[in-house]
Amino acid sequence: MGEVSNLPRVGIVVGSDSDLPPVREAARTLAQLGIEHEVVLASAHRTPDRAVAYARDAAGRGVGVIIAAAGLAAHLPGVLAAHTTLPVIGLPLAVGALGGRDALYSMVQMPPGVPVATVGIGAARNAALLAARILAVGDPEVRRRLDEYVAAMRAAVEREAERLAGVGLEAYLAEREAAGK
Amino acid sequence: MGEVSNLPRVGIVVGSDSDLPPVREAARTLAQLGIEHEVVLASAHRTPDRAVAYARDAAGRGVGVIIAAAGLAAHLPGVLAAHTTLPVIGLPLAVGALGGRDALYSMVQMPPGVPVATVGIGAARNAALLAARILAVGDPEVRRRLDEYVAAMRAAVEREAERLAGVGLEAYLAEREAAGK
Amino acid sequence: MGEVSNLPRVGIVVGSDSDLPPVREAARTLAQLGIEHEVVLASAHRTPDRAVAYARDAAGRGVGVIIAAAGLAAHLPGVLAAHTTLPVIGLPLAVGALGGRDALYSMVQMPPGVPVATVGIGAARNAALLAARILAVGDPEVRRRLDEYVAAMRAAVEREAERLAGVGLEAYLAEREAAGK
Amino acid sequence: MGEVSNLPRVGIVVGSDSDLPPVREAARTLAQLGIEHEVVLASAHRTPDRAVAYARDAAGRGVGVIIAAAGLAAHLPGVLAAHTTLPVIGLPLAVGALGGRDALYSMVQMPPGVPVATVGIGAARNAALLAARILAVGDPEVRRRLDEYVAAMRAAVEREAERLAGVGLEAYLAEREAAGK
Amino acid sequence: MGEVSNLPRVGIVVGSDSDLPPVREAARTLAQLGIEHEVVLASAHRTPDRAVAYARDAAGRGVGVIIAAAGLAAHLPGVLAAHTTLPVIGLPLAVGALGGRDALYSMVQMPPGVPVATVGIGAARNAALLAARILAVGDPEVRRRLDEYVAAMRAAVEREAERLAGVGLEAYLAEREAAGK
Amino acid sequence: MGEVSNLPRVGIVVGSDSDLPPVREAARTLAQLGIEHEVVLASAHRTPDRAVAYARDAAGRGVGVIIAAAGLAAHLPGVLAAHTTLPVIGLPLAVGALGGRDALYSMVQMPPGVPVATVGIGAARNAALLAARILAVGDPEVRRRLDEYVAAMRAAVEREAERLAGVGLEAYLAEREAAGK
Amino acid sequence: MGEVSNLPRVGIVVGSDSDLPPVREAARTLAQLGIEHEVVLASAHRTPDRAVAYARDAAGRGVGVIIAAAGLAAHLPGVLAAHTTLPVIGLPLAVGALGGRDALYSMVQMPPGVPVATVGIGAARNAALLAARILAVGDPEVRRRLDEYVAAMRAAVEREAERLAGVGLEAYLAEREAAGK
Amino acid sequence: MGEVSNLPRVGIVVGSDSDLPPVREAARTLAQLGIEHEVVLASAHRTPDRAVAYARDAAGRGVGVIIAAAGLAAHLPGVLAAHTTLPVIGLPLAVGALGGRDALYSMVQMPPGVPVATVGIGAARNAALLAARILAVGDPEVRRRLDEYVAAMRAAVEREAERLAGVGLEAYLAEREAAGK
């Protein structure tokens, strides 16, 4: 995707490799948008120095936005945001008995001075799209791709809406089931 | 703040004029950072056309980030985000019996495809700082000011920390009370 | 069902085709009551113009009540209600990590001026019965059918109650299990 | 308001006279819309026969919609809905330590077969507006008044929006404070 | 169980036959304690007259305590308690998206004047044991049996405790698994 | 109140003297019903031996029901219930940041084998009325008084209902305010 | 308190000087127990290096236990615990719209590997007493003082219990009020 | 593990043998750290005397820390803490319909005077590591082992981080899946 950047523009950080499967969709969405990205593992609590170093160096390496995914106490995005002035997107994961509410609160309720841009619990695609929206502020090419993505999304809903209007609920659902959804 | 932009770079939108007092701190923080901004009133439910028009025109008018504050069902940031690909920051307000939890959920749990960058309940300052972080991705001058802001914040905590270490808890609290905090 | 109306009296709207299975029971209940209805797909965020157009035109097309089902931030009923003065019934769906509480709050906590008539999480049958109650206010035929429906429901409980009294708990549960419930 | 009805079209029911102040706004909104209404006291638990009798007789007396307000366990709308097929609007009140969440759940989570149209916690105005939307389905005069109400509401927001755009945030807030808001 | 009573002393009421499986353990516990009981079906909303009649007649028929199990809005115990001065035990069931929290609040938060003795979500055994404790206040034979029950329960824990102390955690868990627990 | 008992029939236990004001209404309601009672202080955590001794001796001293009020972790009723087979009523108090939800859960969610009859948060009157309902199972005189109490309560609501019907909402509220409510 | 230690054994850390008033009671309780302590200011987000340095050096300076108080996202105790193997006590504060629930979850739900010993929301005294219990494991003098503290606490409750038993509820409450409680 | 102690230093207490599987990881973690421990069964409600006796004798038998695991009302750690001044770690378990939130509140919200050191819901490993941190305050050998444990944990994350950086997300996830994770 040379026309936008050869270096990663988005850093996706997780604190445990068990958090990698839920961020896969973020990586894929960024790939769809042709936005270079990297996925790194750095725990806020078990390898804090690695996390801090990542945050400190990110802007210098060309990263424009960081996505940090975490469950439970979910301090990772806050810790990163304390060491960079890049926008940090918090992606709370539904891990453990509180189903992600703990992670959501830990991310969104950051104290005055150090914001985390929080998206929905498990909303990996939205984390990626928010990163794209942020990059698009200063990058017309990203904006163009994002506009295309949104238009495609709209068109897909329009097609489904027409199909539903055409065949009716029961036939539509039968087709949907046949398609394995 | 001519050196960054003469046009508003940040649009702060509220859906009711009773929501203006809580966003004041966002406006002031942006002013401190020298970031041009505007505050507009456009209700997602009572004047939806105005809200839609604002979202559609914002990018063309030079706005880079939208902050939308709302309480209760708090659809405003989502409605704006549906009509622009600018990053939209959702600022949930603690209005009504659920104390802002309703607004938080209504903003952060956006469906796949249309993200809202949510900050804490009533966290107007963080909304502004997140807007600044976003603008700073493509604007070195904003980054410089943001870095200064963060450094000043750090220095203030350092001074307080030294004072506390110097005089001890009881004296520090007495001084704090005397200062009317 | 010519005697009540040849045109749809109830519009059931969903924002994603993944929300169609949970609204099926609403459609079936309306069919049982002989109330014409339509099921349409119109996303508040991905196809907002379609949603707005549906709401604006509904009354003119003879629709008397709209049922809008959604999960997560669940803005759909509120967006529709902003563009019509028809009664809009909100049906929150249990999608995602918050199990429908997000959708419930997003619907029920609408700001002053634009109400959404909210039913229980996933309560598709009740959404349909509420629509029928609303239509029945001005339509004696719908009221008659609704009264029949309620009487049949009561009779079914009475029969079960008699059976339970007759055979006792263990036998009743054995029969129930044998019937595959 | 002879042209719509001389008899009450909306019955507002509370279970305790301590719940009367929060329903006042519902009565006033109905009055603004020229919709005849009555306010009655009938407790689901302390005077259940009175509550049942009210529900049974309401339709025959010309009532088209019932609004039932309650806090705590808040069974009142459900009990009424069990004895009528009129639409019953549940208005949960923020009474006691759970701040209205108990009342909200007790109303909205009605079992299959007996719906309650629930509005927000303490949302008396929305309860009245929902009643008006329901009556308007079969009553063009109510629809006309409702449309006027909505237009006036919109115009008020538009005026505020213009004023804010004209004078700016700080001046607007100063005026607002001076007006005692 | 002639020595305590030939008539049912405890009435277990459910509002839907789908609630019968979870109350089975209550019936069995009462049987273990030799306390006569009956299980009846009477819906607060679908067959309110049956529910009211049951509550009104219960004391005259010799019933001393009523256990009412319900999920969702769970008005049943409150409706019964409004028509009798017998103690009514509310057993909230984990039905639907809110997992029983709705039923718990609907039962325990009864308004002043009409109490419901609420036990834990799904705690059918405790409902039965509470009924036994209540009957035991005026019935030494029930107290004697209850004391035996409690002693047996204690002895079982003591045996398990000794076994665990004897064989250690891993062996104990292996035995437990082998026993199919 | 010699005709029912000269000894306390109800023991009201609190774990801290700061919990005495909220139980006052329980004591007064019992007094109104002519039921002898005692109020004792015994902390489950700070004076566990006193709490255990109270529970062990209560039945022998003629106590028929125990009401235990507590806030926060609120173990008191459970600890008492572990040492007696008398029915123990748990009265959760709204103390601290969780507003009584902690106390409610700690009481109502007792493990299988040891039930606590839980009433609403701060519902002191209902705790007393539940105690009376329990005693009334074996005591016709208590039942008679309880029936009188309920009848008086009903009559009061009836009077208020008539007054409201007679004078209308605004006049009723004016009278109510004049009466200092 | 030379006989236990001349150096601080407990470090109380807050991240903002607005959190100092709620920790005062922790400091006072430690003073009562004669345990040397220090109160320091070090923000996890605004002065992360200071926080990390404190945690790294604490054990070497003789600190045995750290108490970290914070509200909102409340990462402070977790960040400290990541940089020391001293036990870290988390004291969640009721700051902001979520009333401390956010801070509670952020502290208690730490990921596997890095525990935080969490006490109740705002429970500063318990934080201090837990620190004392921890130090007492290896320090008989602290244990002796703690035992004295517990005995005094018990004696105070015993005295209040006797007084209540002696004078009765109303007189006791009158005395309590007179004493300004 | 003679070099640290031949007697159990940590007592792990559960109130029901169904709670043994979730504490297994605590026992294993202590074993990894070479810390002698015992697992005992003592119910706060069904065998309160056994629980009290355990707490009273623990310190004398050389136990330094108690871990108490419980679900539901979860009084066990509080009851133990009332009878010892050893630090008591509360491990809330996700049992029943409230998913462990009840147990969490019951443990963490202990009244002033009797703290429980609470860890996350189901966080058995953290309970053990907290016990080790506490013992390490007075035992350099435990500290040394704990430091090793933490270093090993860090090294594992570092290895995973390097591997992820080396092979990329998709390959890493494929390897992970192949390894059966």
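For clarity, chains are labelled A, B, C, D, E, F, G and H in written order, and residue numbers in each chain start from 1.
Quick note on the criterion: a contact is a pair of C-beta atoms (placed from the backbone, for glycine too) under 8 Å apart; a residue touches a chain by one contact, two chains touch by 3 or more.
Fair warning: this is a prediction, and the values are worked out from it, not measured in the lab.
Common partners of subunit A and subunit B, by the touch rule above, are C, G. Two chain pairs, F-H and B-G, are compared here, and F-H has more C-beta pairs in contact (counted per touch definition above). Annotation: 41 Å between the Cα-based centres of subunit A and subunit D. Here the CA centre of subunit A is 52 Å from the CA centre of subunit F.
Averaging C-alpha coordinates per chain places the centre of subunit A 38 Å away from that of subunit G. For this pair, subunit C with subunit E, the centres built from the Cα atoms lie 34 Å apart. Annotation for subunit B: residues touching 2 or more other chains are 16, 43, 46, 72-73, 96, 98-99, 101, 108-110, 113-114, 120-121, 153. Two chains count as a pair here when they touch; such pairs are A-B, A-C, A-G, A-H, B-C, B-D, B-G, C-D, C-E, D-E, D-F, E-F, E-H, F-G, F-H, G-H. Here subunit E touches subunit F in the complex through residues 64-65, 85-89, 104, 108-110, 112-121, 123, 125-127, 129-130, 133-139, 143, 146-147, 150, 153, going by the rule given at the top. The residues of subunit C lying in touch with subunit E in their complex are 94, 99-101, 120-122, 153-154, 157-158, 160-161, 164-165, 168-169, 172-173, 176, 181. On subunit D, the positions that touch subunit E within their shared complex are 15-16, 43-46, 48, 52, 71-75, 78-79, 81-83, 96, 98, 101-102, 105-111, 113-114. Subunit D makes touch with subunit F in their complex at residues 16-18, 20-21, 24, 27, 39-43, 46-47, 50, 72-73, 96-99.
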